[in-house]
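Two complexes, one shared chain (chain A), two partners (chain B, chain C).
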Partner chain A sequence: MKNWFSTLKTLIWKDLLQEWRSKDMLTAMLAFAILSIFIFNYAMELDPRQRAELAPGILWVVVTFSGTLGLNRSFVAEQEQGSFDALVMAVPGLGSIWLAKQVSNFLMMLVLIIIVLPVYSLLYNQNLLVPGLIFTLMLGAWSFSAAGTLLASMTAQTRMRDLLLPVLLFPILMPVNMAVVKAGAGIMTGAALATYQVWLSLLLVYGIIMTTISLMVFDYVILE
Partner chain B sequence: MKSLTKIELRGLSKSYGHLAVLKDVGFQLESGQSLCLLGSNGAGKTTLLRVVSGLVSADHGELLVDGQAWQLRSPEWRRKCALVAHKTFLYQNLSGLENLRFFSRLYGFDFSDKLLRGRLAEAGLARAADKQVRTYSRGMQQRLTIARAILSDPEIVILDEPFTGLDKDGSAWLLAVLFDLLGKGAMVLMTSHDPQAALEVTNGYVRLSKSVLGDVVCSRDRDWAEIEALLYPEEVPTG
Partner chain C sequence: MLSSNKSLGYLAVLAAVFILIAFGLVLFYAPVEQNMGMVQKVFYFHVAAAWLGMLGFVVAAVCAVLYLRIGKLGLDAVAASSVEIGLLFTAIANFTGMIWARPVWNTWWTWDPRLTTMTIMAFTYIAYFLLRRGIDDPVKKARFGSIYLIVGFVTVPLTFFSARLLRTIHPTIFGGANTGEMAMTAEMYFTMGFSICAFSLLFVVLLLARSRLKISEQLLTEREMLEQEEEFGEVSGG
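Moving on, here comes the complex of A and B:
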């Protein structure tokens, strides 16, 4: 078990160092996210009440679309020189490869959220730096990266991966999208916790189930 | 010395759809032995090497290690193999040293930077150790690829065209590395476009043609012309 965690740490460190040097994912994600927020800002004239209700939805659309761009780039380093094969030959359990990539993708999503929230707050003159909303987005980001990393590992081998990943991913993410938007709207409009608690529970359960399934099937996905 | 003394592959078959790439292929290797696989482009050499290294599943076939049945797709088998393939398996944004450090940790070795720099120096990459791999020439990347592959002190060394990109010094270094590995009891399976270059370290040659593996031609006490005549009898001029 100690070796497994040591392998995981090594893989995550490699992913973060690679990203720090190449900025393959973050550049694409941030550029898309900031541009989308600008477009939404100009496209919609909203009163304060509507803003509070719609902000989580707009924000989540921006985060998921940007995140999908990032996911498509997350296996670039492994594809570039076939190093995925070297990883498969080196690690004792292939699940560590998936989990490391998933944690790296999650951290990228967090960086994205940390940058996007103040930008959105500034442009819409609405404070989104609310702990409850940040927690909801983090839960959503975990579920998104859990499902997305597994599918990205499958589509990375295909020629049409840029098209295939969103087509496969978005239907699977429907419960997450609904839960983040509903829970986020509840938080932003000051509703009682009981009215949106079920959505938070759904996010938590979805994240756990998707992580478990991915860990179980990743060996099969990669080797077959 | 290595823990494995003999491996035997029997009846390996592999198809992609209706295209049979390997048909009932089998061979054996003993500790300290090297086999060079020959065949024209598209003959299935790379597929065979990937099947042996556990990266691609065979439709049929079995692996015996010291008489015991092993799974080709098991992590235990894969971790005993080292593969040098057409692609370098290197991370382009990491330095040579960082690549070696990364892979050594994956294999569970906590090699010091001093030792890793020593390995890089042996590969002729001492001055490039801290440079990102994307700045390396093809030959330098090939040297680093080989250094990475043998880092885990593998039992089975699988090399797909290992001389690609190497200059004269690089080829000499690779031969020295292979001599050293064979001396320690490793088994080597390789392909080469320049089979004569491998003559010094190879115990035998075998030809893969029309998805079928021929008989092993022992290279001991034979020059290349003799070996070639035995490998390609249809091309020997008659009369």
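Moving on, here comes the complex of A and C:
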């Protein structure tokens, strides 16, 4: 077990270090996210009175769209350099490869959220740095990257790669989208916890189910 | 493994007869609904088609799990065929629903949980075919397809649950809530039951025929690949 954890730690560290050195993924994700916030301003003509309710939805769209960009890249390095086979041979449990990717993708999403939240708050003059909203977004980000990491590991091996991931991912993510938007709107409008608690439970359940399934089937993604 | 040409032919004829009888029952036996009138008759095929849509996806998910366990490519052929048929009938259910909804709900489309869920389910399975198209290796195609089917099958009920939390105006026939319930006579129930049976028979026929075709395709690809390898071997050997 201790061995397994140290493997996991090494793998996560490898991904983060790689990203830290190139910064490819994060810069693209952030630029895209902030541009989308600008686009939303002109597309929706956001009325200050509606903002409180709409903000979580807009924010979540921005986060998932730019997150998809990042997910597309998450297995590319291994694919291009052909280091995937070496990785499979070196690591004792194949599940840990998935979990490491999942955790690093999740951390990447967190960085994105941490930067996008204040930017949105600043541009729209509305404080989004609310603990409840951040917690909801974190739960959502875990579910998002759990489903996304599994699917990206498959699409990276297909001909259409980047084209395919959003088409596969978005129908699967529908419950997460609904839950994050509804719970977020509840938090931002100051509704009672009881009215949106069920959405938080749904997010939790989705995250657990997706993590379990991914761990169960990931062997079949990489085994030849 | 699957039935011979002849018995499949008999089964197809039987399904056709059943569907014709179902037509007759719908048109002449089932009474005209008081409030909605003739348009309600589409309901018998709508429910049957929606049932096949669900059935197709359940069968596909079961085959996907079995494929990952056993690894027989034939199972993948059955899964893919089942999704195709399920998708077709989901589309039919959606369209017949629209025909009914226009006069009754006064709109072609509404963001009702069942409508939304059925459509998202359809998108999930369209994506399944896109994924398959992107992979050349038949074994990898089967494996990835199966994984996606399992993931899709697990998330569809969650989508339904979350959409249901939002709102519903769709009539419930089976043990549902009181809102929007349709009062059905015994003749109506019988017609609906018969039409569901007839459609299920059609499903079996289509599934057998399609799976057989797909398995033949698989065998053909295998043979072609073997021949290519042999040719290549001769060239490089000589």
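Here is the rule we go by: the second predicted complex is superposed on the first by the 223 of 224 C-alpha atoms of A that agree within 3 Å, B and C clash if a C-alpha of one lies under 4 Å from a C-alpha of the other, contacts with A are read in each partner's own complex, and residues count from 1 in each chain.
Operating definition for what follows: contacts are C-beta pairs under 8 Å (C-beta built on N, C-alpha and C of every residue); 3 or more make two chains touch, one makes a residue touch a chain.
Bear in mind that the values here come from a model prediction, so they are computed numbers and not experimental data.
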Check whether A:206 is in contact with chain B, with chain C, with both or with neither, and answer first, second, both or neither. second
Touching partner for A:22 - first (chain B), second (chain C), both, neither: first
Is A:194 touching anything from chain B or chain C once the two structures are fitted on A? First, second, both or neither. neither
Using the touch definition from the top, say if A:220 reaches chain B (first), chain C (second), both or neither. second
Counting only touches as set out at the top, which of chain B and chain C does A:159 meet: first, second, both, neither? second
Based on the superposed arrangement, let me know which partner A:43 touches: chain B (first), chain C (second), both, or neither? neither
Could you pull out which residues of chain A sit against chain B in one structure and against chain C in the other? none
Can you tell me which positions in chain A touch chain C when the two form their complex? 147, 150-151, 154-155, 157-161, 164, 167-168, 170-175, 178-179, 182, 198-199, 202, 205-206, 209-210, 213, 217, 220-221
Of all residues in chain C, which touch chain A in the complex? 68, 120-121, 123-124, 126-127, 130-131, 133-136, 140, 143-144, 146-148, 150-152, 154-155, 158-159, 161-163, 165-166
Taking the touch rule as given, give the residues of chain A at its contact with chain B in the complex, in rising order. 3, 6-7, 10-11, 14, 17-18, 21-22, 77, 80-83, 85-94, 223-224
Contact set on chain B toward chain A in their complex: 53-55, 57, 73, 75, 78-79, 81-83, 85-94, 98, 102-103, 105-108, 132, 148, 152
